[in-house]
Amino acid sequence: MTTRAEITEQIVVARLAKGLTWQQLADAIGKPVVWTTAALLGQHPIPPEHGKTLVEMLGLDESAVPVLAGVPMRGGLPTAVPTDPTIYRFYEALQVYGGAIKELIHEQFGDGIMSAITFSVSVDKKPHPAGDRVVVTFDGKFLPYDWTAAEG
Amino acid sequence: MTTRAEITEQIVVARLAKGLTWQQLADAIGKPVVWTTAALLGQHPIPPEHGKTLVEMLGLDESAVPVLAGVPMRGGLPTAVPTDPTIYRFYEALQVYGGAIKELIHEQFGDGIMSAITFSVSVDKKPHPAGDRVVVTFDGKFLPYDWTAAEG
Amino acid sequence: MTTRAEITEQIVVARLAKGLTWQQLADAIGKPVVWTTAALLGQHPIPPEHGKTLVEMLGLDESAVPVLAGVPMRGGLPTAVPTDPTIYRFYEALQVYGGAIKELIHEQFGDGIMSAITFSVSVDKKPHPAGDRVVVTFDGKFLPYDWTAAEG
Amino acid sequence: MTTRAEITEQIVVARLAKGLTWQQLADAIGKPVVWTTAALLGQHPIPPEHGKTLVEMLGLDESAVPVLAGVPMRGGLPTAVPTDPTIYRFYEALQVYGGAIKELIHEQFGDGIMSAITFSVSVDKKPHPAGDRVVVTFDGKFLPYDWTAAEG
Amino acid sequence: MTTRAEITEQIVVARLAKGLTWQQLADAIGKPVVWTTAALLGQHPIPPEHGKTLVEMLGLDESAVPVLAGVPMRGGLPTAVPTDPTIYRFYEALQVYGGAIKELIHEQFGDGIMSAITFSVSVDKKPHPAGDRVVVTFDGKFLPYDWTAAEG
Amino acid sequence: MTTRAEITEQIVVARLAKGLTWQQLADAIGKPVVWTTAALLGQHPIPPEHGKTLVEMLGLDESAVPVLAGVPMRGGLPTAVPTDPTIYRFYEALQVYGGAIKELIHEQFGDGIMSAITFSVSVDKKPHPAGDRVVVTFDGKFLPYDWTAAEG
Amino acid sequence: MTTRAEITEQIVVARLAKGLTWQQLADAIGKPVVWTTAALLGQHPIPPEHGKTLVEMLGLDESAVPVLAGVPMRGGLPTAVPTDPTIYRFYEALQVYGGAIKELIHEQFGDGIMSAITFSVSVDKKPHPAGDRVVVTFDGKFLPYDWTAAEG
Amino acid sequence: MTTRAEITEQIVVARLAKGLTWQQLADAIGKPVVWTTAALLGQHPIPPEHGKTLVEMLGLDESAVPVLAGVPMRGGLPTAVPTDPTIYRFYEALQVYGGAIKELIHEQFGDGIMSAITFSVSVDKKPHPAGDRVVVTFDGKFLPYDWTAAEG
Amino acid sequence: MTTRAEITEQIVVARLAKGLTWQQLADAIGKPVVWTTAALLGQHPIPPEHGKTLVEMLGLDESAVPVLAGVPMRGGLPTAVPTDPTIYRFYEALQVYGGAIKELIHEQFGDGIMSAITFSVSVDKKPHPAGDRVVVTFDGKFLPYDWTAAEG
Amino acid sequence: MTTRAEITEQIVVARLAKGLTWQQLADAIGKPVVWTTAALLGQHPIPPEHGKTLVEMLGLDESAVPVLAGVPMRGGLPTAVPTDPTIYRFYEALQVYGGAIKELIHEQFGDGIMSAITFSVSVDKKPHPAGDRVVVTFDGKFLPYDWTAAEG
């Protein structure tokens, strides 16, 4: 029996061995590429019909399909503070701009948060005379602090 | 003598006492609001001409101006993993989507990073039938890993 | 100028010195007692009209009112793992039952979370032949993972 | 020889492969579903008569039965601060409301704690016009601080 | 206004300055000496009638009495792993014998814990030919894991 | 070649599979039960003559005998702060009473420590009208701070 | 399927078994030796044409080539604070001189950073009458804090 | 009485208020600028004759002179992993290149370390067509592991 | 009222201001210099007759005498892993040689420890042709693991 | 292929199984026993001629010889703060005496450190009327802080 964590390791290696892009994998199941990549990296459940397609493309054992369909224990960083430079820059941006983002969400919307559940992320390549830019958009529903309880 | 950290604490309280918005403070110096807020929260040096304006608006002592103009020791989160829910959601997004963002930066641009220095952030309120959305955009120059050395 | 953290310390001492209950403070502003206590402990903004009432009851300086009305940097535990036994038991329940709660939320609702923002908590005293029981109810809206983006 | 931790990993995968719900497993042994799920996730001993039933349903090796019947080393979170969003929300609620819950337990009951041993948890789905709610109830006997010693 | 933590610091210094023993302080209020010492070190509420006696003996300000009477935020070690050698030995004993103590509680009593609430500690000096011994007794009610809920 | 840590894991499983109590294992070698349990959990060397008896009773490979006889790298808790509730209560008692125990050792004995080496622990079941009690006794020689050096 | 981490372990052992120097491996692919060593230790992707050469020299399985060509999860220290003395000295230099380096970068260049991406490192042996010296040069492009955004 | 840490804080603010550069301070005492800056930031003792000059230039109290002349408790980073981006890049370089630097020191010099005591650092601005570069040179005596003991 | 920690800070500054050596302070009270230094740095109680002498020499307030005579909360390093290079080298020696020292204590003495209580330390300067050496001797009584209990 | 860490584990078990002392292993290669033990525990490279002897005595595979000859990643403690009592006492001595040792090195030698590289350790058994003593001597060359740079 193979755990989700082991399947994730297999996916990482198999994708490189097969020479597949994340975009190709996403296109094969008709899902956004950030979502698909996150899911294949163990952060989202993958519905069986998509799981079958992906498992086949990657040459994994079919027994992985129901495991991929289970809701995973999320949280993909190996350390609390990320050490990989590409990921660290986002953590650094939080250190430098996190307080300001918080203040401005409150100023523009009131007390509450950006949902990370009713949420999407996009990664885009945008031109600039001084060199292409990575534009990552975090887009979540505003949730105001709302003290309510179930009925009855 | 008052340290930058103490001046930041004073700014937080004085802004509330004076009833000023971050936007008003930013407008007064003609700078983007995320930048201004981050700077006032101790994350950027504030040029003396702007420092004077802000110190006056907030009713702080003028001796704060040169301290605000110094490059600060950056890093504004009180703990390695943020505990404030509004800020935490961004950390959570990194936990869930950080690996995927990394992979897609590499797939779209090659090996390298999004700069957090040649960089800007915006916080926007955008409509959606199911409720307004917080859209936070991290926009940084792509920097390819580039093994170069100074001349001579 | 007094920071929110300092005002919280003053509130803790002043309430004891004045012999006021949290319930009396909550009743005075007509708000739920858990909300009021959390707010006075520095976890929620307190609207100025309520802030005035509370500041007066507690004998604090009126300059605290606008500071109490600001959205605070939340997160009230002094250490990542709580050391106070009364609070620790909830952390322990998470260690022992957290995995099970996660699985059952997914089984009953699908993939998603209990919101901690559209949320309320109650603390009740309930009878039992073997001794009174503390019943703490965490009641949050179910939020399904929902990959949506702002319009336009 | 297979350790309890390895058996837990097998249970997680086998349940998904067999398509069984936690509720079905709980019903098969006539125990509350939160208790059963926690036990299968390695947090409670499972009496042999129930262990046999469960091991059979899940297709595990019978040698797991006595290991499941042993009192486990409890504590199910892989990190001190949980990274999974569904579990994290409860940790966040502790950060925001833990101090208030402590104060109100003391105000309503006196000095003491909610037991996490004479204790039960329930997870319920309750209706609300704005969307279904997750209601998680922590229900523990109040234990007053009581300085007593064994006799003799 | 003086916080409980500041009062604890004052007690530590004042006791030394006045040349009082913990036993004398305990005798003055007719309470066990371990309890009294822990309470004066900030770990238990001290009823006002005792608080008055102690505050007077130690020469503290009377305003400390209601603060001492409040239930404190418990947890008296400055670091998660104690550095003081006298306290560390108990932590070390837990590292070496904690697993064995757990197993034997389960073997003798079944699944459950020693309560740290219905609990007392004693520190005794006992003779031995090879030198006096420190005998510290942890004495707590056995609490079996008991899945019960409030009525109704 | 099997390490001591692997042998400990085997012992934990084998004891459950064989249905042996720790007391039976201790009786078989004529040693105190806390000592025997700690030793089998990897905290003490086990002399070969006893190692042979235990290895046979547990059905382990005889090659374990010399490894059990080696002085182990001690320290049996998987995390610095224990997560298992039965063990945590002792850590909590240290948090709440550790400072008081230290003060009283100094008051009764002078400056020094309770040895954790010239030391024994017992776990006893004692009656009480309100329910049986777990009485754990830490009994160590008092060691005064003593500034001496080797001769010559 | 073998992960990048496992391949790194194989490289470390295989190089010693084959008696190859890092310089020889670097020369074989015509790349700087610091870059090559870092890449073989899992910190850079290795283009397939170089990967083939290296895998052959080291006697690894050819299936390692595409895995070596993938962008790795970077971050090569096993602990946040390095324990190896040779590496620790650089961490110590950061502790002692990091603040000064920061101040002088700002004094000489203005507000910004030394890039660790447009970057190279060299390790040189230089003579000195009192003994040879290790000279490690960190050479990165200066990046001024620059608040720009993508076009359009 | 003012501690070294407090004097360091005063120096940071006073230098900004007086508009002095680190280079001017270094020139005034005829010492290298990295050494001087590190010393003023609390990392080296400052001989009294230099201390007097610096204290006068910065307008501090003369009582600081002997405190500056004492060997300080070194270690200038507020957290184990630095959060300031300018300093972090050096930590990141250690994460990515630390293993390679270690291997090459061993390959070029044998087993040993670069001394961080018989050591100097320089920060230079060097030209490059693609933009100026920060060149930081760590230059320490090679110390081979050498098992020797004092005589007699 | 001044705490022991504050008195330690005063001692550090006052000694430098008065130009006294630790040896002079030790000689004044006729105690070993390592002991005296450790005591003045807050690690040992100082008997009142010696406390008076030292307080006078250092020009502190006489009220410090009874506080210095109290047994302190020991543990003098500001972080778990020391950052000061002079102290760190001892920690590094533990990392590199700690396992070997443990094995050889067991080989030469049997199972047990070097006492850190019946213990002394000396710091000596010894000659060597290649340069003077620091010789630090840790000298503690061997304590065999000895399972004994108090009588009766 | 077997890593150095795996070989270290094999050595620990094989030595016990063969009944060899560390002294016998050291004598066989004519090296000091502390050095030999540390090397076999993974902290020093072992020259091939000695590696062959040791591998043969311990019955390991000959392929271990070149791996043992490589400079290892040093740092032998499994946790930052050691949990094994025998090793912990040295850490405790650092906590209690580390500050004093630092001060006295500076008082006797000036600003600098004891080298842990030009260094040796000895473990000796010395007599004392009150019981044998463990005498551990750390003997390192004094290195004064010396700001020098490579020539040219």
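All chains are identified by letter, namely A, B, C, D, E, F, G, H, I and J, in their written order; residue positions are counted from 1 within each chain.
The rule is short, and it goes like this: a contact is a pair of C-beta atoms (placed from the backbone, for glycine too) under 8 Å apart; a residue touches a chain by one contact, two chains touch by 3 or more.
Because the structure is a prediction, the values reported are computed rather than measured.
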{"item": "Starting at chain F, fewest touch steps before arriving at chain I", "value": "1"}
{"item": "Mean-CA-position distance for chain I and chain A (Å)", "value": "52"}
{"item": "Between chain B and chain E, centroid-to-centroid distance (C-alpha), Å", "value": "46"}
{"item": "Gap in Å, rounded to a whole number, between the CA centres of chain I and chain E", "value": "28"}
{"item": "Residue numbers of chain H (touch at least two other chains)", "value": "73-75, 77, 80-86, 92, 95-96, 99, 102, 106, 112-113, 115-119, 126, 128, 130, 133, 135, 139, 141, 148-150"}
{"item": "Every chain pair in contact, whichever chains are involved", "value": "A-B, A-C, A-D, A-G, A-H, B-C, B-D, B-G, B-H, C-D, C-E, C-F, D-E, D-F, E-F, E-I, E-J, F-I, F-J, G-H, G-I, G-J, H-I, H-J, I-J"}
{"item": "Chain J-facing residues of chain E, complex", "value": "81, 83, 85, 88, 92, 95-96"}
{"item": "Chain C-touching residues of chain D, taken from the complex the two chains share", "value": "21-23, 33-34, 37-38, 41, 43, 74-77, 80-82, 84-87, 89-109, 112-116, 118-119, 121, 123, 125-126, 128, 130-142"}
{"item": "Chain G to chain J touching residues, read off their complex", "value": "9-10, 12-14, 16-17, 19, 78-79, 81-86, 126-130, 133, 135"}
{"item": "Residue ranges of chain C in contact with chain A within the complex", "value": "32, 35, 44-45, 71, 73, 99, 102, 106, 111-113, 115, 117-120, 122, 139, 141, 143-150"}
{"item": "Complex contacts: residues of chain D adjacent to chain F", "value": "1-3, 63, 66-67, 69-70, 73-75, 77, 80, 116-117, 148-152"}
